[in-house]
Amino acid sequence: MSTPANSATPLVGIVMGSDSDVGVMQAATNVLKDFQIPYEMTVASAHRSPEKASAFSATARSRGIKVIIAGAGHAAHLAGVLAAHTTLPIIGVPIDSSCLQGLDSLLSTVQMPPGVPVATVSIGKPGAKNAAILAAQILATSDDRMAERLERYKADMAAGVAEKAKKVEALT
Amino acid sequence: MSTPANSATPLVGIVMGSDSDVGVMQAATNVLKDFQIPYEMTVASAHRSPEKASAFSATARSRGIKVIIAGAGHAAHLAGVLAAHTTLPIIGVPIDSSCLQGLDSLLSTVQMPPGVPVATVSIGKPGAKNAAILAAQILATSDDRMAERLERYKADMAAGVAEKAKKVEALT
Amino acid sequence: MSTPANSATPLVGIVMGSDSDVGVMQAATNVLKDFQIPYEMTVASAHRSPEKASAFSATARSRGIKVIIAGAGHAAHLAGVLAAHTTLPIIGVPIDSSCLQGLDSLLSTVQMPPGVPVATVSIGKPGAKNAAILAAQILATSDDRMAERLERYKADMAAGVAEKAKKVEALT
Amino acid sequence: MSTPANSATPLVGIVMGSDSDVGVMQAATNVLKDFQIPYEMTVASAHRSPEKASAFSATARSRGIKVIIAGAGHAAHLAGVLAAHTTLPIIGVPIDSSCLQGLDSLLSTVQMPPGVPVATVSIGKPGAKNAAILAAQILATSDDRMAERLERYKADMAAGVAEKAKKVEALT
Amino acid sequence: MSTPANSATPLVGIVMGSDSDVGVMQAATNVLKDFQIPYEMTVASAHRSPEKASAFSATARSRGIKVIIAGAGHAAHLAGVLAAHTTLPIIGVPIDSSCLQGLDSLLSTVQMPPGVPVATVSIGKPGAKNAAILAAQILATSDDRMAERLERYKADMAAGVAEKAKKVEALT
Amino acid sequence: MSTPANSATPLVGIVMGSDSDVGVMQAATNVLKDFQIPYEMTVASAHRSPEKASAFSATARSRGIKVIIAGAGHAAHLAGVLAAHTTLPIIGVPIDSSCLQGLDSLLSTVQMPPGVPVATVSIGKPGAKNAAILAAQILATSDDRMAERLERYKADMAAGVAEKAKKVEALT
Amino acid sequence: MSTPANSATPLVGIVMGSDSDVGVMQAATNVLKDFQIPYEMTVASAHRSPEKASAFSATARSRGIKVIIAGAGHAAHLAGVLAAHTTLPIIGVPIDSSCLQGLDSLLSTVQMPPGVPVATVSIGKPGAKNAAILAAQILATSDDRMAERLERYKADMAAGVAEKAKKVEALT
Amino acid sequence: MSTPANSATPLVGIVMGSDSDVGVMQAATNVLKDFQIPYEMTVASAHRSPEKASAFSATARSRGIKVIIAGAGHAAHLAGVLAAHTTLPIIGVPIDSSCLQGLDSLLSTVQMPPGVPVATVSIGKPGAKNAAILAAQILATSDDRMAERLERYKADMAAGVAEKAKKVEALT
């Protein structure tokens, strides 16, 4: 697995089920960079490379990882399989790569049976972005500087809405 | 894992994600008994006991198993996880144990990404019964006596319909 | 809001949209008690008592809350509304209280637009239980004793499966 | 918030969750202009700018607004959040901006729990147009000239169908 | 059609597609009584008694009706058919009387083509209750006393939540 | 196949995929009796007795049958298979016998590819009743007395609504 | 309404809810021409021109029409509304003109309540083609020459499959 | 039916409902070639050429076929109809050729009633590829060389993931 150059130990591990998911998952890495959260990112399929997926998850805590983000499409088992091998929080991003528009990956990710949760976010790029924000929120439960960054991010969003509102109001 | 008393080496391995699925999966064992197919049956959760699930699957071929039947509900990852660890044919039975009536387990079971198939049958008891018949059909590809049993079973079904038809016709 | 007698400051805040959701949400409190996580629990509707909901969320961090669990049915806006007023992680439990069996509350909870995540778990009681485990996992990112409890819980689950497997194997 | 130049006090307030919804919502403003109904239009997100959304709604009646139209996509909480802060009628337009084609925004908008209604119209541009007509119908309950305009509009629609029918009949 | 004894001219007309819907629609009449809104209520099927349905709608404005509430199940055409014959606002209540749990009636009611809106509320009893509140909101656009009643109703709901919250808090 | 005692040659053939569907399909035979339409009724499964199903259909026209009604659940192939073997109009009744509440049988029945239509009616008993009325409508295209019965039936329905309306009006 | 030049009295009436549906419905007229079935075609909206729709239907039998084909999208009430005003068989073609891909129009067309059937065919162009074949099948119940044409059409389809099969076999 | 030039007796029979499905089904033939499995491929429609479909299936075992793969769209009855006429294992590939994106073909293929299974794989090209792998798995139950090829294929997939992982890791 790779970790960003010059970074501290990765705190977030990003796994995707296929390299074709990378365009979606970069919506997560962009946010992690903004929040200055060191991360590692790799491909591991629950079905085509199950040992790699299990090992990634089973060793994550000891590597210093605190949150795992898993993106997968179709019958998206990746997040659940990772969750089976660790007690770290797993964030699942359902990806709409089949013809069912993400309904299959959403239900496969979110409907985990009792005992093994996956923190599921919305389908596709919006979800990948939100997965990174959620990772920051989890880290912020014990990192006040991260909490401050989140507060600033929230304020910036509100300001962004205000600015866009002006443009729309001008159209009336 | 258990195997039926006095039986030959099991040819079919039945796994269910929870002991609460046993009522559904007995629709499969009833058929296997009728077809005189030795089987073993156990519980292994893709999420709560992933090592057991992987090991069951990874060692199945060497134990003499030829077909695996996996029944699970919710985000039903069991069949897919078993398929990741063996090249034996995996038959998936979606079970309707969540409030979404089996739509979640159906999509989680059938929508496997390219490379790792799961032979999915219908949801619930009808699917469990059909899983056992499908297992018999697979065994029959190299067992002429099994093929004969299947022909007889098919003839009996047609005869059964004819008999029921008479009762319905009498209602007219 | 109430906090359990004799407890330390609550770390988890549970909110439900209606008092009729309490039967579902107690699946969460049972787990929190097992994990010795102090919590508070109340009712606040995004629609019928929006000020209370906003205030609960906006003041949660300063009250010492680290994770919020929100359970709601129908067009379940509660988790999203709470997420709008805090940077704490929000766990959403969709509840199947309408005739659409939780599909409406699932989509209303999980499909958050980019910028404001809700960590969504499965529908109903399994989800409520998983929400509490996820809360423990989040707390464990900075609490090694909690991490140990989670490891023990995971081992117990695997052992529980093994025990149930024996009963099912005996049925063969 | 903006109001159309030279207009009387706005009677209808249009809010959208994102400036990317403006193309859809202009199907509403076109109709309001035809009906000579003064309106104001802005952007306010239930999640990214909740205070603005609440304030827009809470102060609307005192500003002279009689009907609010809210358009939003994904887990569309905007209409419900506005409804929580006013007793004015809220018309919700579900927008299909996620990959689920508006099913998420439809259920998030229409399935409001008892006590806080949202008058939901169809998904996307047809819904935005209908939202404006519905606003006119509401205003017409106490404005006979508006009722006359609606009667004329209805007659024009029937005439339009008749004209188009001729073209189609000519194709036979 | 009947109007409540001793009442003023009905302002709201309630129509249901079948007398079996009356249990659902009484959730609306209970609210109308609370708000002291005179109403009339009848059965008229878009399919089995189309003339009655059309006539009810076409003459409603001249009878003094200001808002129509229509409840129907299956392929619920009633609200749309009423909307075709009047310019009064039509509130549609989808009723879950088929085996598809109201999805058919919801889509049949809400997905009106451009030009003829139906103000759709949630499925079943919660929707019927909300239909009546929405009717009150529409009347309140020109009736300040009604607006006051709505404000009081809203305050009562918030107070009701607060009271129920206490009971739930006591369970912690 | 049976035909009603003392009847003329059957004009309508009713087939159901399983004898467990008879309770639903009797909603059709009740109507056929009311319309004095001689019919025959039997069980033939597209899957368990395909020859019987094909033969029923292939010989129906020569037996004097003018319309076939087929009721089936699950992946309901019966109507389509019958349609493949005749040029008579086939009316399909989807039956909700699986856990998917008839969505599977509806889509399996109605979504016929171009070239081979199935006239699909609503799911379950309402559909079975409507299938019989549709059969009467088809026969009435060349039978004026049948057309008169249908007019009377329609008038009776409207009268029935009027009567039920009175009871509901009395509840106001 | 128009009827094809030089034709006999139209036997089939085609109605569509909007002139934008004409591209879909011409899949029906092409088949009717092949079968030499005189038809008329027009636009009539259940919502925007309800009187025209009702009148078309109510007078159809006396004009000599034997079957009506109705195509509509969104909340497709057209077929149901026509069915309410005639005892002729109505064939409904759901059209996928909203963002819900025809699921709304399918359920709105097929899920008719008991008493008033609509013979629903598949969504879109395949359905329009099938509607015309079904109309021919209905006419053929009293027209042996039409029945012969249908037999020929069926034989031609089988031959067409055989020919296409050769091309595909050549690809092996 | 065609068989590949220079090949041994076909072991797998591929049938598709329409020649327009050939692009999807070649995802299966590509895999069969890789696995050196002789196959035959043809077009046979359950609805337009039912005799051919039945005959293909009924004679398949005697021709030496061991597994049948059936791909079809819309109300996909092909796999079920083939299953009705043979006791060979039938693998069904739902194809998304209607506007419902394969949901209709999935449910029509997988929800087989008890007694007659279809081994259903995922919708579209991923499913066609998986159908061929599943066929290889079935053949491998009595062919050790095929089992070895499958093991190699599985290892290659894992290696492929590892290689792609490196590229994605380099993006971090």
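Labels for the chains are A, B, C, D, E, F, G and H, by order of writing; each one numbers its residues from 1.
Simple rule for what comes next: contacts are C-beta pairs under 8 Å (C-beta built on N, C-alpha and C of every residue); 3 or more make two chains touch, one makes a residue touch a chain.
No experiment lies behind these values; they were computed from the predicted model shown.
**Q** Compare the contact pairs of E-F with those of each option in D-E, A-D or B-H, and report the one where over half match by residue number.
**A** Repeated interface of E-F: A-D.
**Q** Mind checking the centre-to-centre distance between chain D and chain G? Centres are C-alpha means, answer in whole Å.
**A** 35
**Q** Give, as an integer number of Å, the spacing between the C-alpha centres of chain F and chain A.
**A** 52
**Q** Give the residues of chain D touching no fewer than two other chains, as numbers and ranges.
**A** Answer for chain D, listing residues that touch two or more other chains: 18, 45, 48, 74-75, 98, 100-101, 103, 110-113, 115-116, 122-123, 126, 154, 157.
**Q** Going by the touch definition at the top, which pairs of chains touch each other?
**A** Chain-chain contacts present: A-B, A-C, A-D, A-H, B-C, B-F, B-H, C-D, C-E, D-E, D-G, E-F, E-G, F-G, F-H, G-H.
**Q** Considering the complex alone, what residue numbers of chain H touch chain G?
**A** Residue list for chain H touching chain G: 1-4, 16, 18-19, 22, 26, 29, 39-45, 48-49, 51-52, 74-75, 98-101.
**Q** So in the complex, the part of chain B that touches chain H is made up of which residues?
**A** 27, 61, 66-67, 87-89, 91, 106, 110-123, 125-126, 129-131, 133-134, 137-142, 147, 150-151, 153-154, 157
**Q** Please give the residue numbers of chain F that touch chain H in the complex, ascending.
**A** Chain F reaches chain H through residues 17-18, 45-48, 50, 54, 73-75, 77, 80-81, 83-85, 98, 100, 103-105, 107-113, 115-116.
**Q** Spell out the part of chain E that touches chain C in their complex, as residue ranges.
**A** Going through chain E, the ones touching chain C are 96, 101-103, 122-124, 126, 154, 157-158, 160-162, 164-165, 167-172.
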